[in-house]
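Shared between the two complexes below is subunit A, which has subunit B as its partner in the first and subunit C in the second.
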Partner chain A sequence: MKTLSHLYSPKRLAVLLLILLGFTIPFFVTSRFYLHILIMCCLWGMAATSMNLIMGYTGQVNLAHGAFFGIGAYAAGLLMLKLGLNFWPALVLACIITMALGFCIGILALRTKGSYFAIGTMCFNVIITVIIDSWEELTEGARGLLGIPRPSAIPLPFGGEITFTSMPSYYYLVLISLLLTLLVIYRIVHSMLGRSFMAIRGNEELAESLGIHAMRTKLLSFLISTVFAGLAGVLYASYIGFLSPEISDYHITFEFLIFCMIGGLGTLGGPLIGAFLLTVVSELLQGIAIPRLVAYGFLLVITIIFLRGGIVGGAQMLWLRVSGKERR
Partner chain B sequence: MSLFIQQVLNGIMLGSVYSLVALGLTLEYGILHIPNFTHGALYMAGAYVTFLLATSLGLNFWLAMVISMIALALIGMIMERLVYRPLMLESPLNSFIAAIGMIFIFVDGALYLFGPDFKRFPPVHTQIVQVLGTTITFQRIIIIFVTVTLIVLLHLFIKKTVVGATIEATAQDMEGARLMGINVKRVRMMVFALGTALAAAAASLIAPIHLVHPGMGGPVILKAFVIIILGGMGSIPGAIIGGFLLGLVESLSGGYISTSYHEVFSFGVLVTVLAIRPTGLFGGKG
Partner chain C sequence: MTPGLLEVKGLCKDFGGLRALDAVDFQIREGEIFSIMGPNGSGKTTLFNVITGFHPATQGKIYFRGEDITNRKPFAIAQKGIARTFQLTAVFSRDTVFDNLVIAHRLRVKAALLGTIFGSRSTRGEERKCREKAEEVLEFTGLVRDRNKIAGSLTQEAQKRLSIGMALATDPKLLLLDEPTGGVNLKEISNLVFLIERIKKCQITVCLIEHKMKVAMELPDRVMVLNYGRKITEGVPREVSRDQRVIEAYLGKSYAA
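Our next item is the complex of A and B:
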């Protein structure tokens, strides 16, 4: 039974406030530069959150995630440019294509476990980037895809329409997509399905002995995460308007991995916090000649050795210690 | 026929480099269970050290290579001590993620320090040799020769010396080795020193033929992983045979089919093997 105090718990209020803040930001931030950063934060946040489902909750280190981001982006770009499709059907089709390829790769790669899975998926990532780079008749190769259109306007029933040409309108589109991703993943994690994901993370053999079909469950988690990676890729393609094979490179995968690790793997907010923090810091530091990826490398090594839970895990530990609830 | 022999010789040369890299990796992965993805970045670092010593200081190529091997062995030991030792008792996946972090440090550090451009090595042994009707440069023959020497030396070291025996004992049973009074921590550092020194040697040997650049380790390390997964974790003959085999396959398919997809081909082999036998051809546990 939900009591009033549970309904208005500080955590809920904080989340509501954050969502409210997210929706009102374009009213007091008008600079195109800051809006651009916010849009990128939302896009990377979506990708990292989806990676968190397979990696954080299901415990499978999928190093092909950037490839799915790239597949979604390229699928949407090609459908719109080569077939002249409208944005919205292209979005749906691109997600389906990503899922179909995710199914093919997942069914092969998920037979392996642990570091073999990580290495196998990493090879898949390289293969996909090489294919995008070399299949010039389809993907234009290293020249890249130019001029991917923005989403087409949605007509409203009482006249007028929603357009996506301005920065704030695109910001709302990615923000709503991000919230949708978070909502879906939240619902999954707090359902029986999410429990079975976590059971597999804990101990695959034990989970199987309890009647969980490990392969099917892992594949489902894999597919859901690829769909959202594809969705983030579609939105990225339409926002930037240009694609090159680097967008599916394993460096992109590593960036998602770092977002997840720094923020806190296996927590809902962690990857989001990691993506926002690192995107803001790296965009603001763009003028300064700091080798950004070297700093990322150090951060990753230090996190994995000293702060396994990332920022969120560290904060939880601190909170437990401060509130004296630490189990001894 | 001339093209065939040319490609076979090229394949053997490529294969020697792959064998050396895979040997280091199989020691680290097979014996210590550390998926040391940084190995490729250290390979790149080895090439840069040799390159800088040979061009800026004007050292002799062989001296530069030996110094590079020693320097990289030290870096490998430091890396083991600082990064992999704290993760020793945990899932190999954590070491894997730490390795990815170190790839960033090395590769993008090199990009920052030396720039993205390809460095051309001053030619070392450009004499031309006639072999079965085809001409090849002397450097290629030297690569094969040095590789064989290094492999024989490694074999003698592991099989004939007491220090080498401690490595083998640790590989067979870490607990048992510790009970016998073997300092496992020292063995770990030694294995890393050996592995990275071999990678530095491979990179230095190939550097005068291929070019030196920050991204040179990426494809090599993935191929080395292909080799050790196919050849069996920790198996030294597996790494050697697998290395030569992959070099030959790659050079022949590059010569007769197409060069742009040869990476797809070798990773395709790996992915297929993993799909059929999820723990590798000779792997027991995952």
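Our next item is the complex of A and C:
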């Protein structure tokens, strides 16, 4: 299978070019506005990609994803503001806190299946938002958390340091985090572990009869996806510098969901494409008075009726038709 | 007599007020083909579901190689070495035949998270092991040509072979086949019969539920007959087929005379 032509396949080249483009963009895009959009694209892309692992690959519709994004963001914000921690330890601790809460929620919610799991996780999402909103002594409630600092500089061995005060430097931070997320998910999806996730998506009973511990496998997928949602949340908090309870709201979950659905669930690039496309469009169209969620709703309906696999799924089908191959 | 590979003692299963299995006792000996027969609703599939942990037993014990496995979870039972197929053929219908077989060997490898993320050598080795197993089973079940086909697009007979292949890829000691020839036309049955005979030659014990008389009489070494959840009789096929109670159960009292 792994011949030289495989190594230099057009797909691989395209991915390499895209990564290269990602790294060179700040050299010719200097507008703060466009860089802001790109940073948001990467952040939402990370969140959507991580949601894709539990929803697209493991087949469990997790509607608490926005809550984990919010938990990560709030955990980092509180650790830095209230405990005065440095950004980097706060980042690690926030991810651990997100995972711990994810474990508590996952172990309860994953006992249910199908639409009950979706309903259950959505309830957890609402609960989390309510807690953040009303625990004013800790989270400042609706007033929000103000003045969350940017990441602290990383000193380099030979003098000098990497700072994150400028827009391009922050762009590189989120870009690298996004690539890291994609790499981890890619590795998982193309491994025996990923195959177990997909087996659960295909037929949970059959997977169990083949000796796969369904609960443990689902929980693992759930935890990995929450950690990356938390990471995206941390980066968001430190980028925007301000948090309010709405950031953990179920509306955020539905945005991630729509990114995934429109881009293509269960494909590596789909959620990313969905996140980039919709973020760019919605930021550029901010002047026009179309309620965003209404527009999303229409898009979603159209996608589900005409393009079940989302953009990537549609492209794959088109490619098959053009190339006339039988495989998938 | 040597203790059986699988021993079932006084097994009962109630669904609400209905007793689906009533004090069933039997043994499956190592290396044989054992068949469970009985009219519709006599509890054959329920028996499989209780043995493999999909339904909890109400009473009684199940021993596998001397170890009590009553009410263990399905995945744990598969890991111990009992594989099963389902009456309604179950395969991962959206994946290719090869992928179906690769995942079936998953339970014999660790597939640890960190090893996966960092691409460690042992994790890669595990993956290779699963692929090799899949190739081996592909050959064994005669699915080499269908390797890259989507499992859902195969014929019923090929899907049956694939589901048996998946069970085999778990490296079982005991294979439970729920109607391996169900929904397959008579011409194609010989394929499956041949496959089951070859499985026996590989030192894997087979227990099957069978309706088709031709298969049920020729293939197994021993047969057990259930009716209304009770065991009526057990023995070599020839004797069992002449048993008055069996004929009654299948054809009704009026034919028994």
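The rule we apply is simple: the second predicted complex is superposed on the first by the 324 of 328 C-alpha atoms of A that agree within 3 Å, B and C clash if a C-alpha of one lies under 4 Å from a C-alpha of the other, contacts with A are read in each partner's own complex, and residues count from 1 in each chain.
Everything that follows uses one rule, which is that a residue touches a chain if its C-beta (ideal position, glycine included) is under 8 Å from a C-beta of that chain, and two chains touch if they have at least 3 such contacts.
In this text, all values refer to a predicted model and were calculated from it rather than measured experimentally.
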Query: Which of the two partners, first being subunit B and second being subunit C, lies in contact with A:Val322: first, second, both, or neither?
result: neither
- request: Give one of first, second, both or neither to describe whether A:Met192 is in contact with subunit B, with subunit C, with both, or with none.
  value: second
Message: For A:Leu156, using the defined touch cut-off, is the partner it touches subunit B, subunit C, both, or neither? Pick first, second, both or neither.
response: neither
Message: Once chain A of both complexes is superposed, is A:His213 in touch with subunit B (first), subunit C (second), both, or neither?
response: second
- prompt: Touching A:Leu21, do we find subunit B (first), subunit C (second), both, or neither?
  reply: neither
Message: Looking at A:Gly202 after the superposition, I want to know if it touches subunit B, subunit C, both of them or none. Which is it: first, second, both, neither?
response: second
- prompt: What's your read, subunit B or subunit C touching more residues of subunit A?
  reply: B
Query: Can you list the residues of subunit A that touch subunit B in one structure and subunit C in the other?
result: none
Message: Looking at the complex, which residues from subunit B come into contact with subunit A?
response: 35, 83, 86-87, 91-94, 96-98, 100-109, 111-112, 222, 225-226, 229, 260-261, 263-264, 267-268, 270-271, 274-275, 278-280, 283, 286
Residue ranges of subunit C in contact with subunit A within the complex: 52, 54, 73-75, 78-79, 83-84, 86, 90-96, 99, 102-104, 106-109, 111-113, 116-117, 119, 123, 126-127, 130, 148, 150, 166-167, 170
Residues on subunit A engaged by subunit B in the complex (per definition of touch): 61, 108-109, 111-116, 118-120, 122-124, 126-127, 130-131, 134, 254, 257-258, 261, 291-294, 296-301, 304-305, 308
Message: With touch defined as at the start, can you tell me which subunit A residues reach subunit C in the complex?
response: 184, 187-188, 191-196, 198-199, 202-203, 205-214, 220, 224, 327-328
